[in-house]
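We call the chains A, B, C and D, going by the order they appear; numbering starts again at 1 in every chain.
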Amino acid sequence: MGERIRVAVLGAQGRMGSEAVRAVEAADDMELSAAVDRDDSLDALTEAGTDVAVDLTHPEAVLGNLEFCVRNGIHGVVGTTGWTAERLDRLRGWLAGSPGTGVLIAPNFGIGAVLTMRFAREAARFFESAEVVELHHPNKADAPSGTAVRTAQLVAEARREAGLPPQPDATSTALDGARGADVDGVPVHAVRLRGLVAHQEVLFGDEGETLTIRHDSMNRGSFMPGVLLGVRRIGATPGLTVGLEHFLFDGSDAAGAGAVAPEAGNG
Amino acid sequence: MGERIRVAVLGAQGRMGSEAVRAVEAADDMELSAAVDRDDSLDALTEAGTDVAVDLTHPEAVLGNLEFCVRNGIHGVVGTTGWTAERLDRLRGWLAGSPGTGVLIAPNFGIGAVLTMRFAREAARFFESAEVVELHHPNKADAPSGTAVRTAQLVAEARREAGLPPQPDATSTALDGARGADVDGVPVHAVRLRGLVAHQEVLFGDEGETLTIRHDSMNRGSFMPGVLLGVRRIGATPGLTVGLEHFLFDGSDAAGAGAVAPEAGNG
Amino acid sequence: MGERIRVAVLGAQGRMGSEAVRAVEAADDMELSAAVDRDDSLDALTEAGTDVAVDLTHPEAVLGNLEFCVRNGIHGVVGTTGWTAERLDRLRGWLAGSPGTGVLIAPNFGIGAVLTMRFAREAARFFESAEVVELHHPNKADAPSGTAVRTAQLVAEARREAGLPPQPDATSTALDGARGADVDGVPVHAVRLRGLVAHQEVLFGDEGETLTIRHDSMNRGSFMPGVLLGVRRIGATPGLTVGLEHFLFDGSDAAGAGAVAPEAGNG
Amino acid sequence: MGERIRVAVLGAQGRMGSEAVRAVEAADDMELSAAVDRDDSLDALTEAGTDVAVDLTHPEAVLGNLEFCVRNGIHGVVGTTGWTAERLDRLRGWLAGSPGTGVLIAPNFGIGAVLTMRFAREAARFFESAEVVELHHPNKADAPSGTAVRTAQLVAEARREAGLPPQPDATSTALDGARGADVDGVPVHAVRLRGLVAHQEVLFGDEGETLTIRHDSMNRGSFMPGVLLGVRRIGATPGLTVGLEHFLFDGSDAAGAGAVAPEAGNG
């Protein structure tokens, strides 16, 4: 007692929220202090002595929720999207007035997805060629996925910084679309297949060798280890943190890893 | 002695031909009777008592070569391309006049590639979704590869015969090219990466499961087992055979497998 | 009316059975005539005018169920295991007395798994090397999976029939277990990883090329397309059929595919 | 003139050495100053104004070569193995007497292999499960490969440091060898297949997701980009550096990456 982190879930009846409730309840070092949804009062958080609030609500609700939390010294772990520079500034203002409180905003709580992006960015400058293949269920509306586009952008950025020339490609006759979508010079291919969930491969190639980083996400539960990791760390990280990667890697290079922007989404 | 098959290689100094010379010399059950190239006389074949001629020359040379071989009762194993209905008819005419002689024309001697196409065609009707991803070195001129296009056509054909509806795909916003090239309703994606040689994946998906058939070809040597298999079998197969698959599978269903057309190429 | 197949599910409250109930209800060409479990009377089947009974019960229950069905002219589609030669003989006896009735016993209803085994058996004789890697969740009790063992046996059998020598392997110093389990000369490796469900790769290699057949099963729902296929075909297939592959492939070679024995299990 | 790095290759007639000669000749920013083998005098290096010597010789030759180079202010890039603590100390002594000179000893020049080990080490602490599958041609004598063993050790070390419990594995009945070799608690599986060259997969899994890092090395040429990178950087890196990873990543965490020990080998 006293040892366990008291965690409230906001948006507790949503798809992600209900997973979070289950994950918190199953974690040995946490207990659920409150599970609130849209019509519930936030007072439940303070009454229950909440340490950390996990916000998985909507862009319209999240700012009000965080204002309440920060003013009451409750840390926030936020998966809700819709963050603009202006909104982030307002949040920073509240945090300035509550110096011991921390908020983590993570556009993607999938640890595997965040690692994939980081490793892709690190590997990019060592290889002549780089392409991204993402594979999803056929009900997905966008192609490529936001994560694949973001990954390709990170790879392109690292190639630019390293002064790499454009990728080699002798294609002279091609069917339309065969070579994929061009994202800042990095080809991205989107496969849609019944039976798949969410998968991504980043392929790098140089003379005589290739390196492939593949992430397979089988279900929504795959975001929960990232949420719990955020809950465990946020108490020791006052102020605003954007991107789960800051909690995955310590030291000087965490800043660079922050290149994953808040608008990337979990897509 | 007398037991080994006496094999001549035509086009012996070309890239494929020189591999074939090496492969024949290394095979326990064969011996090289002649290695001829463009300026050499075909008489070398008859003088050396050749049983089987392997033709890896050019479209302009192959007809003359085969006319000579068939008239002299030498069986042919042919990787040279450029076959039209009219050319095949001329060849059939010669064979009609030399009843014990056989000629195999194989657009693709890669056993793995032929198996991939066959399995893809067989699997196609059981899955809601099917896509092809081919991956090659970046010096390749065409995208997708001829083999990938042919594979997609076989899959599309099998889907049509089974009465399958169009593939599910809810994509509503996409970057140009993201969903690949459309080959008869089957998306085909072409990756070009330094370090790769020639690779192909055929992906099938249905509710809760996927099946992937992948072929990796590391070098030109991968065609040689197919050439040798052709050499071993052609003596017992009079007449014209188009497609190595007829020698890979026996019985009634070989005919269906013949769906791999002579124009597919080894690409 | 009259057009749709009237399907009863036996073992309707079990894990597989409840999936089957859902799948039958969702199929346009079927309707659920009865959903019975251990304490329910089988008379519900006849009263509801059942065409096909899907048995997903237990070895102790299945024989009694099938005796009732066959005597009443109800076709059977059976996933229940525990079949011995003696039990199959009894079933054949009942079927002999009811000439228009058919029963399908399928140890594995996963179409992808059945195709993988079939393709593996067909490809085996063309490659010097063959290994199996299966990958499952870490709660699985047996290693390798029954399906992987069965696949390796089929590959070994095909190699023997083709007169292939033992696989090349120059390993002279090895850590215990590094080269996997030896199943009739085919190495089988079992990976256990949180996040996985049920996956299998069959790898074939020859000079310069490899062929990989991979099956990924994401959930129990993946067996339902196979169950429904059995329901659709059994009415036109009197007598006993063992193995779903007989309904996947027509013609003379179906017999050979029957090499998948009833004791293989869905594991 | 003056701008290009003048590079000598020692062991120029060996397999790796002859590749290095070709690679240096093909690099725009280098020129080959000398190509020496076992009976040639090292004076050729000084006479030709060599900046960097690439040593790809034998454990018996390398120490003498480096003593000569360091005393003459020639930087060294060394792929030769056989380094002991005592040998490294002797080399450090020579370097202390020639303050501007640098030597890089790299047990593995494959950039992809080094990245794979680094990423594996970084990812390890975030996942409940981790296994290694390495795949090689069947002429390889050891199983698993030295690189796979080293990778598993790095993963095991990172798991220990993060306080992770043993991996979940409910296997209760297994065939001998099915679960691979146990390297510090990390299962390692070795596949041997004709047609393969050198490949490695590191698999990580947690609830609902997996991360796979795969490295494919198609030929010896794959080590050359790493050798050239060493040549380009060593001039600005006085003293002894062990491990190519120090040149791949800058800043504070390079030290940690140095965990790849000199005895790992290119296997």
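Convention: contacts are C-beta pairs under 8 Å (C-beta built on N, C-alpha and C of every residue); 3 or more make two chains touch, one makes a residue touch a chain.
Quantities reported herein were computed from a predicted structural model and do not represent experimental measurements.
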{"item": "Partner chains shared by subunit B and subunit D (touch criterion as defined above)", "value": "A, C"}
{"item": "Far-end chain from subunit D, centres as C-alpha averages", "value": "C"}
{"item": "Centre distance in Å when subunit A and subunit D are each reduced to the mean of their C-alpha atoms", "value": "33"}
{"item": "Computed distance of Cα centres, subunit B from subunit A, in Å", "value": "47"}
{"item": "Inter-centroid spacing, subunit C versus subunit A (mean Cα positions, whole Å)", "value": "40"}
{"item": "Where subunit B touches two or more other chains, by residue", "value": "127, 195, 204, 206-210, 216, 218, 222"}
{"item": "Residues on subunit A engaged by subunit C in the complex (per definition of touch)", "value": "195, 197, 216, 218, 222"}
{"item": "Interfacial residue positions of subunit D with respect to subunit A in the complex", "value": "110-112, 115-116, 119, 122-123, 126-127, 204, 206-225, 248-249, 251-253"}
{"item": "Contacting residues of subunit A [partner subunit B, same complex]", "value": "127-131, 133, 135, 138-144, 149, 167-183, 187-196, 203-210"}
